[in-house]
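Two complexes are shown next, each including chain A; its partner changes from chain B in the first to chain C in the second.
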Partner chain A sequence: MAHAADFELIESTRPALDARRASRPKPASKRWRGAVLPLLALALWWSVSETGISRSGLLVSPQQVWHTGIEQIASGALWRALSASLARELTGFALGTAGGLVLGSLLGFSRLAERVLGPSFNTFKQISLFAWIPLISVWFGLGDAAKVVFLSLAALLPVVAHVSDGIRNVSPELLEVARVYRYTRWQVVVRVVLPAALPSVFTGIYLALIYSWLATLGAEYLLVAGSGIGNMLIDGSEQFRMDLVLFGIVVIGVVGWALNAGARLLERRVFAHRSR
Partner chain B sequence: MSELLSRAEKSIKRGIKQSIKRSVKQGIKQGAEESIKRSVEPDRANDLQIRHVSKNYAQPSGNLAVLEDIGLDVAAGEFVSVVGASGCGKSTLLRLIAGLGAEFDGTIRLDGQAVAGTSLARGIVFQEHRLFPWLNVEQNIGVALRNSGLDAAQKRRAIAEHIELVGLVGFEHAYAHQLSGGMAQRVGIARGLVNRPSVLLLDEPFGALDALTRSRLQGELQRIWAQERITMVLVTHDVEEAVFLGDRVVVMQPRPGRVKRVVDVPMARPRNRSDPEFIRIRDDVLREFAEPGGLVDAASSTTVPTSPRAWPPHADTVDSPITSWRLAW
Partner chain C sequence: MSDTAIEHNPAHPVPRATDSRRAWTESARALRWQILPFIVPVLLFSLWLGGSSFGWIAPQVLPAPHLVLETLLDLARSGDLWSNTWISLSRVLVGFAGGAALGLLLGSGLGLSRTLESYVSPSFNALVQIPVLGWLPFLLLLVGIGEPLKYLLIGQAALVPVTLSTLQGFRQAPTAYYEVANVFRYSRWQLITEVVFPAALPTIATGVRLAFTKAWLALVVVELVASSQGLGYLNVYGRQLFQLDLVMAAVIVVGAIGYAIDRLLNALEARLTRGARRAF
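Showing the complex of A and B:
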């Protein structure tokens, strides 16, 4: 074993070091570079409204937006709108993802299903989601049911596409290894296909989360009824309250960012040991 | 006839204890028997018999003969190298032995049993490591044991033993992307051996490695083979590797794939790549590839630069660079 041990030193330390180096977080100075542009924009906005170059009601000051924000939070209006929107988004996301996992697995595993359903699904995919709005509003009204249906549709499409792709693109080399070791069909599915497809499945679910949040806003604009962040924006524009509109936009951005960051964090946890 | 011969051989083998004489036959050159000496006697009597194996691929332009009437017997515990240009069907032959190929003509028997489909009695190591990226070293070796019928404790022990065998102690929990190419291939070898197969098939296992790692792993493989006494069949296009590792070197030629010649390597191990005898045998094999098509007689090709006199002086201090001996097809 002594013979084996002495070249491990040469053979192994490099990649192990490289792996550690790659996973080390970036230094703080580099991480904050992304904040430069928003801070500059904020400074410009603030200086423009301070110096009084623009006295138009179309441009409100940052301080005004800030106060509106505080007031919305304090009165509970923000929380009501946000919880209504998030409940909708998560319901639609959950339904769409569940349906997408089933349909995607069917298309990925069954050649028959792929031949029968594949072309229809690919055509369906090409139709803009918003084209379904009139139909949905006639069938399901303008309430929460219609919105959830729309969101589910938005979440369904990426999940189906990525799940079926992930299953179909499992490396034939690895399937052959399973054959060498006499894996049963069930073992191949559970031990090889699913783990191999998992990164692609995760990408599909991640996209579903993002799409369904974007679609939440679309649904609230187009199927106007009830409360939500989208309705807060509509109210703001109807009452000519730019501070409310801008505050709504900030909230939407923060929620989108949080969803994105949460999904990325989870992905990094789940696939920590895999090479990317 | 040949069955009778092999049965006779086995009874002789059991009779003599030390300095065993083993008759080795070749399907195409029947009757030509040569004996080789081995210091250790394999504890199992399982021969790999390949008889009249042919394989055709149906193509639009007609049938493409990949293998034509291959005959080869590998004795238990023997190391046979199969060398040939790409397209000579050597990998196809190996896949047929592994049970990964579809239909073929002829018979392949291991320990008297005809090969049909894959079996845990036939391990294989591929050119690419083919490790599951979501499993660590331990779990990847465990892949081979899933249907072995061993209980959890036995599996753990077998895995630990094989990690030690291939020199990866301390890397049990590393994932494939954290391993160098050579280390990943060691895991591949451990996975191939962990079921204690009757025969381990190696499909250009070191083909994708750099020269230094390759020569190291060749030495390691030789040690593992001597230690484990498992029959091995190595497919390679590296003549030096074939001679370094094999008891015999089977030279194949393409279109259609056939056995051209079988060269004995009656040298003790570990072998020295700069030993004059080693160089002589290596050049003898290389001469088979001297002319395009490789159909010329070894004796009439003394003018090609692969003749022994054309090589650099037989310095026994430095190993010649391995890369220069790899046939670049």
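Showing the complex of A and C:
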């Protein structure tokens, strides 16, 4: 807490700067505040594990988690697990997104297709996807095939929903303008509908990326054959190795963050290009 | 060009044919339109029925519909269905209520105080990156396999969307509202209860509905992985015994309950939102 008080002091000596930044949502000078809670938690964790108040074998020290992490990285176990998980995730994501784009466009452009397939699709969407895992495991086994099927389903659903929504919600004014210019059907699709639907499509793909990552973990927990980050966590849990579990959680968090950040970066690129 | 404009202009509707034959075709078309959504389910179901009764599909791969129905009725008669459903529902309700209440509190705290937000938000955002499934092995070691594990995981699943939507809702009240409140010299409390909260309500309601969907998903997952009771357990138990009729029955019940509650919350949300709009 000592250094936090120091910063507070520095803050107060610069009132002019503060006032100027007061209206901004996130002043850079207040960034340190975000670090307070994690540092406190870390300090608490450290002190509890150092003093040995609790003799529980589950209370591992931060150093131990660090060493486990180094060891997992050095031995290559982390890379094996991570590459297996990510390869699965990306395969399922690609398949699901491709299928979702096709099905979503069909539902978006054709009223008939929407009427025929829409209600069934929406009902299917309501059933928690994980409930299908036991059935998928019977049909496709416990290996990579079953996992990829499950992941692509997880990626498919948000893409279909957002693509069809995006296409259907293109404003009628734009279509009227296109009619005035006597655009052909193809021109309407390429120059009017697709650009207008793009943000929604992107949201769908972005969600697909996140969902398929969640589904990767779920698939690895429930379809236990093979290696992956999920298996690493389950193994750690079964062997009562809290250090391995905590390290796995950190890895999951970092990968989730990286996927998130990557998608956002791409989104910004795409839309920056559009606005020019 | 001008005549096409008139053709599409709703102010000049084409005169409706009073011809009875035209009316008949029109109602036939309407009927066909009504039937369309049922084509796919009926087709799938008859494939399932035909496939299993003609022996195209092995019962180990997909049990016959009547078998699934029988199992469902058996479960209902023996009381297993009700006890397991009740266990699942009580888990989801306790976890969801706890998580949503905490989320509402945390979200309003963050929404009202930018200072608190600057302290808590980065940690919160970092923790949010870790899905429910990531916490599962950790909490399994920490609190064991009992009920608290389910409550915690379901609660965490519900907490995140409620917190985020509450925060967003609190931030999005139009500045004009604040100006009006200023003119009326509202106290801080009045500002919160009469301006900020009503304006945030629709967003919060959406968040709560989303939170319930997530909570139900988390319930299914945690019961699949670590449970000896509940609908998810029924599902995975059927899989272990290779009793696919039991698996299908469990999937149907899980889907039906999830769907029913989503509809219910949807109706509730529509109601709340309408009420909020009337308030202004």
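Note that the second predicted complex is superposed on the first by the 236 of 276 C-alpha atoms of A that agree within 3 Å, B and C clash if a C-alpha of one lies under 4 Å from a C-alpha of the other, contacts with A are read in each partner's own complex, and residues count from 1 in each chain.
Definition applied: contacts are C-beta pairs under 8 Å (C-beta built on N, C-alpha and C of every residue); 3 or more make two chains touch, one makes a residue touch a chain.
Here the structure is a predicted model, which is why all the values come from computation and not from measurement.
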Item to complete: State whether A:Gly262 touches chain B only (first), chain C only (second), both chains, or neither.
Response: neither
Discussion item. For A:Val192, using the defined touch cut-off, is the partner it touches chain B, chain C, both, or neither? Pick first, second, both or neither.
Written reply: first
Item to complete: Would you sort A:Tyr221 into first (chain B), second (chain C), both or neither based on which partner it touches?
Response: second
Worksheet item: After lining up the shared chain so the two structures overlap, which partner does A:Gly76 touch, if you call chain B first and chain C second: first, second, both or neither?
Response: neither
Item to complete: Could you figure out whether chain B or chain C reaches more residues of chain A?
Response: C
Item to complete: For A:Pro38, select first, second, both or neither according to whether it touches chain B, chain C, the two together, or no partner.
Response: second
Practice prompt. Kindly classify A:Tyr181 by the partners it touches after superposition: chain B alone (first), chain C alone (second), both, or neither?
Written response: first
Practice prompt. Scan A:Gly141 for contacts with chain B and chain C and give back first, second, both or neither.
Written response: neither
Worksheet item: Touching A:Lys30, do we find chain B (first), chain C (second), both, or neither?
Response: second
Discussion item. Identify the residues of chain A that lie in both the chain B contact region and the chain C contact region.
Written reply: 176, 179-180
Discussion item. Looking at the complex, which residues from chain C come into contact with chain A?
Written reply: 1, 4, 8, 33, 36-37, 39-41, 60-61, 114-115, 118-123, 126-127, 129-131, 133-138, 140-142, 216-217, 220-221, 224-225, 232, 235-236, 238-239, 242, 244, 247-248, 250-251, 254-255, 258-259, 262
Worksheet entry | Residues of chain B touching chain A in the complex | 98, 100, 118-120, 123-124, 126, 128, 130, 132-134, 136, 143-144, 146-147, 164, 166-171, 174-180, 182-183, 213, 216, 220, 223
Discussion item. Please output the residues of chain A touching chain B within their complex, sorted ascending.
Written reply: 1, 3-5, 7-8, 11-12, 14-16, 19, 173-174, 176-184, 187, 191-192, 195-196, 198, 273-275
Worksheet entry | Touch list for chain A against partner chain C, complex | 25-26, 30, 33-38, 41, 58, 112, 115-120, 123, 126-135, 137-139, 176, 179-180, 213-214, 217-218, 221-222, 230, 233-234, 236-237, 240, 242, 245-246, 248-249, 252-254, 256-257, 260
